[in-house]
Amino acid sequence: MNFIDRFMASWRKYRKPGYYEEFDYAWTMTIDLDRCTGCGACVTACQAENNIPIVGEKELGRGREMQWIRIERYWEGEYPNAKLSFIPMLCQHCDAAPCETVCPVSATYHNQDGLNTQIYNRCIGTRSCAVYCPYEVRYFNYYDHHWDAPLEQQLNPDVTVREKGVMEKCTFCVQRIRQAKDHAKDDGRRRVKDGEVQPACVQTCPSEAMTFGDRKDANSVVAKKMNDPRAYHVLEETNTLPSVVYLKKVSANAD
Amino acid sequence: MQTEVRQARFADVNDDVVRSLVVTGRNYYIALGIAGFVTLTCFFFPWFYQLYYGIGAAGMNSPTVWGTYLASFIFWIGLSHSGTLLSCVLHLTNSEWRKAMYRSAEAMTFFSLFVAITMVMVHIGRPWFIHWAAPYPNQMGLWPNFRSPLMFDVMAIMTYLTGSGIFIYMGAIPDFAAVRDRTTGWRHHLYVLLSLGWRGTDKEWHRLGWAYTFLAVLIIPLAVSVHSIVSWDFALSIVPGLHQTIFAPYFVVGAIYSGTAGIVTVMFVLRKYMNFEHYITKLHFDNLGKLLLLLSLLWTYINMLELFTGWFSGTSTEYEQLKYKLTGFYAPLYWEMILFCAVAPLLLISRKFRTSFVPMLILSIAINIGMYTERFLIVATTLSRQYLPGSWRVYVPSLVEISILVGSLALFVTLFLLFVKIFPSISIYEIKETMDAPKKQGDRHDT
Amino acid sequence: MSNVDRRQFLKLVGAGGVGAGAGFMLAESIKHPVEYLIPYPIPPEEFSPGIATWYNSVCGMCPAGCGISVRTREGRAKKIEGNPLHPVNQGRLCALGQAGLQSLYNPDRLTGPMLQSGERGSEEFIQTTWEESLATVAHRLAAARDGGKNIYLLSEGVRGHLAMLLERFMGGLGSEHLMHYDFAHPHALYAANQRLFGEHALPYYDIRNTRYLLSFGADYLSNWLSPVHHSLGFGHSRQGTDLDRGRFVQIEAKMSLSGAAADEWIPARPGSEGILALGLAHQILAGGSYTGSDFDDWNAALENYSADSVAERTGVAAKTIVRLASEFTKAEPGLAIGGGAVDNHSNAVDTLVAVNLLNYLVGNIGKPGGVVFNSDPVVGGPANNRQANFIAMQQLAEQARQGAIDVLIVNNTNPVFTLPHASGFREALASIPMIVSLSSFMDETTTMADVILPSHSYLESWGDDMPQPGLGFPVAAISQPVVSPLYNTRATGDIILDLAGKLGMKDSMPWDSMEACLKDGWRQIYERSSPDASDFDTFWRDVLVSGVWGEDIHRQDTVVVDKSVIDNIDVAEPEFSGDSEQYPFFLHPYMSTAMYDGRGANLPWMQELPDPMTSIVYGSWVEMNPATAKRLGLLDGDLVSIASEHGSLEAPVVIFPAIMPEVIAMPIGQGHNAFGRYARDRGVNPLQILAPITATSSGSLATHATRVSLTATGRRAPPVQTGGETRQLGRNIVQFTDAGSTPGGHSANLNSIPIVVKTT
Amino acid sequence: MHRRNRGTAMTRNVLGLFRDPDSALAAAGRLKGAGFERPELMSPIPIHGVEEVLGPKKSVIKRFTLVGGLLGAISGFTLAAWTAVLYVHPTGGRPIITLPPFLIITYEMTILFGILATVLGFLISARFPAIRERIYVPETAVDRFAVVVACSSDDLLQRAESILHEAGAEEVRRITEGDS
């Protein structure tokens, strides 16, 4: 009887969907498209922070760019009323991530921070996650990349360098999040303070279009921004429950 | 038909089959040599090159991370649906005409599965870790992710490989016994082992019959599930153009379609070069032709459905996908596929066509080219046109990919050539069953 | 906010990976920076491996002078971020600034002093020692000085104490020929300010607090003056306040990054922007909001700038002009700025005067959200009066051709690349007997040098900086070495001091190192600032920790425009080279964040940073209107040859929806034939085919005054693009709303530029 | 095949070779009728109607298949679910034990085990592989049909021989099956 109870208990536990509501954190990024100028500072910041390889002209020509965050550009209208809009596109760290379920070896899964993690040394390179991702933000190492000496001296020791045949993507600068949590622990705090940790892109954004924080904390900036009427998810219809929230651009002919 | 076969006597069957095994002409060695050489140069060499430098050797790019390798994988899996599945169905419906051809058909299944699995190895980025996708206890305490459609694949294909392997072997035990007594040297020993000491007693026949039937019953749903699962690799994604409920039947039909066409090709070759004219006859081509016609119609129907879904959905993603398929970068391939797989097979309406060998051969090859194109398009068109237009990019296979595709064909041929020298490539006892057994007062032909 | 005070410094010290150790490190590094900044085999105890150390310094990638915090681990620079304490960029940084790491660790850096072995431009050099090379140069300089021959020093635009050192050095050599050369220097803007406001300096344009920005061609978000600061202001004005959302209007012939960010992009005929500005001024006066005593004078001066005539001359609809004028007047405050193309037409000064006039007429001079004048730099000399315009450069070339120049010292500037062929500058260099280059890269100019004294990267050297334009209040920043020198190079200041020593200028330059010089100079700051730092060393250490010093002083001056200026206020028709039949197109060369004036081309990150507007990486291209392309039967990726009276180039076509049909645009920065593996032989340099037309009364090169012709080559060379389809196809990826503005709320004031404390 | 008949005498058998299945079957029937223990038929092709003559045979294979299938179903689901719990990898917002995919795994494992069990059942019930020597005449693999009957005594041997001859056997042999 007792056994049955225990069994049923754990059965119910493991049958429960949406476990991500019970994670310690729910790291969230908001991107205000009305502020974004498309300058690309975030792109370079990410490359510097995360040891993203220099792919080279030839490989870029073959469509193998490696930028965990990229600026997509979309034109509206024709001359003289053409308008250009930018949208930074990075891993959305979806709570219902299509890429996670498809990986046969669990190389990508949801961790306790609510991050969509990519475990490089577990990846066997089926590339299915990249296919399943509707945001096209997973990048594959088609070759072993190298840095012309002494460029490699710049490599960030907190981040690994990926080998060929491995999928990689934005991590929300998990190394910084870890560090922030350690500091919090050192200071005897249970949780990381809002604004205590920022991914490289958010940190550098010149027009302060991006904010980062924990949406579980109702007072956090991101939580507030998520209540902004302009807040929306890209590709809402795919129901991936992204952790990246965009704020609508205010259209020119508003007034 | 029967008239043709009646001339041959039981003994001749044994003679023919044993000859096909032990007597080996120069042409065979030349063929084997060429096939082996091509396999080595076009398959293994480029593959090792790719292993060394990375998947970059192939032409895949950022949105289109899947390419011809996966297309080949589906293609070979599809081809594998010829044999065993067909053979099982025909066995359960006791269709006489099956018996001359099912052995080689099943062999096709087995080897195309084998090639398909090697294609997976070629496809993935770090094949040296492929064992991580197998469920085995390990010091990491990590198990594969059984939620993944790719894991369904692993399980299904492994089962299918085992199943069809056992099926083909079990059906061949009596034949092993038959050739065992006629061969010498290493062959004799080999067949002694393979035949397990078969004597052909009524009890053994009885048990074999039962087991064989059970296997057949088990393998039919298995085969269907295998290709459904392969289709789910795609359909379970949310990629516009792949995320479709029709995919499972679509793939299964496509698989049987290309598989049947494959059988026709192989039949032709066996008949021509292994002197099985007596056993593989117009009858078989006629029936296979009818089957092909049916399948092509089915296939066309499902294709039309797919187009309709795209058009009817009205969503930008699906609609662009459709437009791209019909008029985009890959459109020529699409229309080539339609021509080969939907239009050309209509010729099969005429019995004359069905029963003439060379045209059937040509058609069957055309169909499989078309079917390969289909698989390629399924991967290429959809992946290069996904949700974010900003990341659209076309994909063109690299030389390495093409060479590996050719090489995989050669690999298949090599394996098959080896097979026909070890396995009785037609079933002796079932051929005999199709001939009418000697009657008590039947004419006594001298021994 | 008084001085950026110590408590904030200490907060910074306490912050993140820096820890007390860093404070100590900094204190120590002042004594012997080199000893403490080596990546050690055996780290000393106060240096714990795995703990990042942050150093605040000044970005050297462009003249904006942003403050940076460099993250170092085990003595190696890992990441450059903005210095949160620095009021210019407040912790933010542009792409180019972050790529500074790659100029430090660039594989093509010069590793030691070299002497030319082959003939000029052959790039054949032999390694030598500092002693030898310095001796050679010193001897040569001494000889020239004593022989009364001409010595020229051509430097990048330097500020602070380095500028002062150069002044004294040239003074000591008895030479007047100290020239600063920056390609992007807004000469015309200075001249315009001189004419209208009577001061030869840049004011502070307070984009942050403006509610309506009228930008005449100024790409203020990517390269104009201080892009990062402007971006901050842009973001804040857009969504940062409870006030009405700031509205941005961009007037230019080709949509720039700022144009894309703007709410309204208005194409105006090239060179006619000034006329448009005057047209607006006319409307403002008509609107009657201007109540100055000189109203009538203005009215008279602007009478023939009615909306219709202006519309006819500029190609901007009359009703648009009226609307803009009224919006601009109503906005509180509105701000008009001019730069970029506007700064580079033959009538640039007139135009910019007209633009400034708008600010004057709506009375936002010296107000938050308006034009605020800067006080003089606190240390070092004012650097801008040394800036050499195109005419000066041509004179230099002329002098050289006449053999009147004996020694030319080039400090880290690359005129051979940025000046048009027509200037004959490169050839002129050939006839200078002795050229010394202090560049740290083998750029085009350095290839012409006889002696190369490679200078440190800015991340290896001491220096200080007063950002130009200032922020309306004095700011000074220290740049300090964050890593030990990688190679056998020396800081520019130290090289100058060495030479000075060898030339016996000890009395005017008594310091034995740049650091000493700085410390000396900063004593003034210490003294003038209310010393809540107990003693100078504490102050100095705090300054090093924070990397920046500021003071809350504001000028309260009112501008009165002179009658004479008013009377002959006018904008001349722009002058172009080449007749409109043979050369039907206006060439619009533009700078980008990544390449700037070409200095970004040797940084892989910048080469791989997709151009925001076209997503192109590596290489050059020419942008044209779809209609134009259609008319010429050109497709994306077709290779065309662009010919001016002074040369021709080949580049692939990129069809660009937001450019005037008679204008074609080309990015500046590629087309190096030296400058390292990443830059060399890649793309083309549009500057080289420019006509040597100068802007009247500023003498700067009118880079937009060249007409060109297009001819298809029949070949294709599609540029490498990272982006695909550029339309949304109704997929609502970028979504729009009109519920953007939230009215009401407090008014911002200039002093409250937030000083964010970094928490990492 | 002479090798096959070496060894010390244990039981003696009579073997009759026929040219056609019907007469062989008839002969077998007569022997059975004459009270011999169940004769054994050897043929190149399965002979139909054996059950009618020599009585029905029962095969255990179907039980094997059934048990194997069930076993497979259980172990399949257990494998998926238990390993998922063993090392929890939350993915895609799905529950840890996700039924639809796990049922597919279950399905495949059911069939796999079913197949293996069937084979096992076949081997066991048909007494394969043959370790010990068995009576065999190679002609039966070609076009002859043999009836083998075990006889405990000489007169039984003769009777069997005579019956086979009457039934029209073209050849009758005595085979002494021995231990090998």
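We just call them A, B, C and D in the order they show up, numbering each chain from 1.
In the analysis below, a contact is a pair of C-beta atoms (placed from the backbone, for glycine too) under 8 Å apart; a residue touches a chain by one contact, two chains touch by 3 or more.
Since we're looking at a predicted model, the values are computed, not measured.
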(request) Please identify which chain has its centre, taken as the mean of its CA atoms, farthest from the centre of subunit A. (result) D
(request) Quick one: name the chains whose C-beta contact count is the highest of any pair. (result) A-C
(request) With chain centres taken as the means of their Cα atoms, state the distance from subunit A to subunit B in Å. (result) 42
(message) Taking the mean of the C-alpha atoms as each chain's centre, how many Å separate subunit A from subunit D?
(response) 62
(message) Could you work out how far the Cα centre of subunit A sits from that of subunit C, in whole Å?
(response) 33
(request) Could you grab the centroid distance between subunit B and subunit C? Build each centroid from C-alpha atoms only and quote it in angstrom. (result) 66
(message) Counting only residues that touch at least two other chains, what does the list for subunit B look like?
(response) 63, 142, 144-145, 147-149, 151, 387-391, 393
(request) Provide the list of subunit D residues touching at least two other chains, using ranges where the numbers run on. (result) 84, 89, 91-92, 94
(request) Would you mind listing the residues of subunit A that make contact with two or more other chains? (result) 65, 72-74, 98, 101, 103, 106, 235
(request) Identify every two-chain combination in which the chains touch. (result) A-B, A-C, A-D, B-C, B-D
(message) Could you list, by residue number, the parts of subunit A that touch subunit B in their complex?
(response) 59, 62-65, 72-74, 89, 98, 101-106, 122-128, 130-132, 134-136, 139-144, 164-167, 235, 238
(request) Flag every residue of subunit A that touches subunit C in the complex, lowest number first. (result) 32-35, 37-41, 43-45, 47-49, 54-55, 57, 60-61, 65, 67, 70-80, 82-87, 148-151, 153-157, 176, 179-180, 193, 195-198, 200, 203-209, 229-230, 232, 234-235, 246-255
(request) Going by the contact rule at the top, pick out the subunit C residues touching subunit B in the complex. (result) 723-731, 733
(message) Touching residues of subunit B toward subunit C in the complex: what are they?
(response) 63, 316-317, 320, 387-393
(request) Write out the stretch or stretches of subunit D touching subunit B in their complex. (result) 1, 19-23, 40-47, 50, 54, 57, 59, 61-62, 65, 79-80, 83-84, 86-87, 89, 91-92, 94, 98, 101-102, 104-105, 107-109, 111-112, 114-116, 118-119, 121-123, 125-126, 128-130, 134-136, 138, 140-143, 168
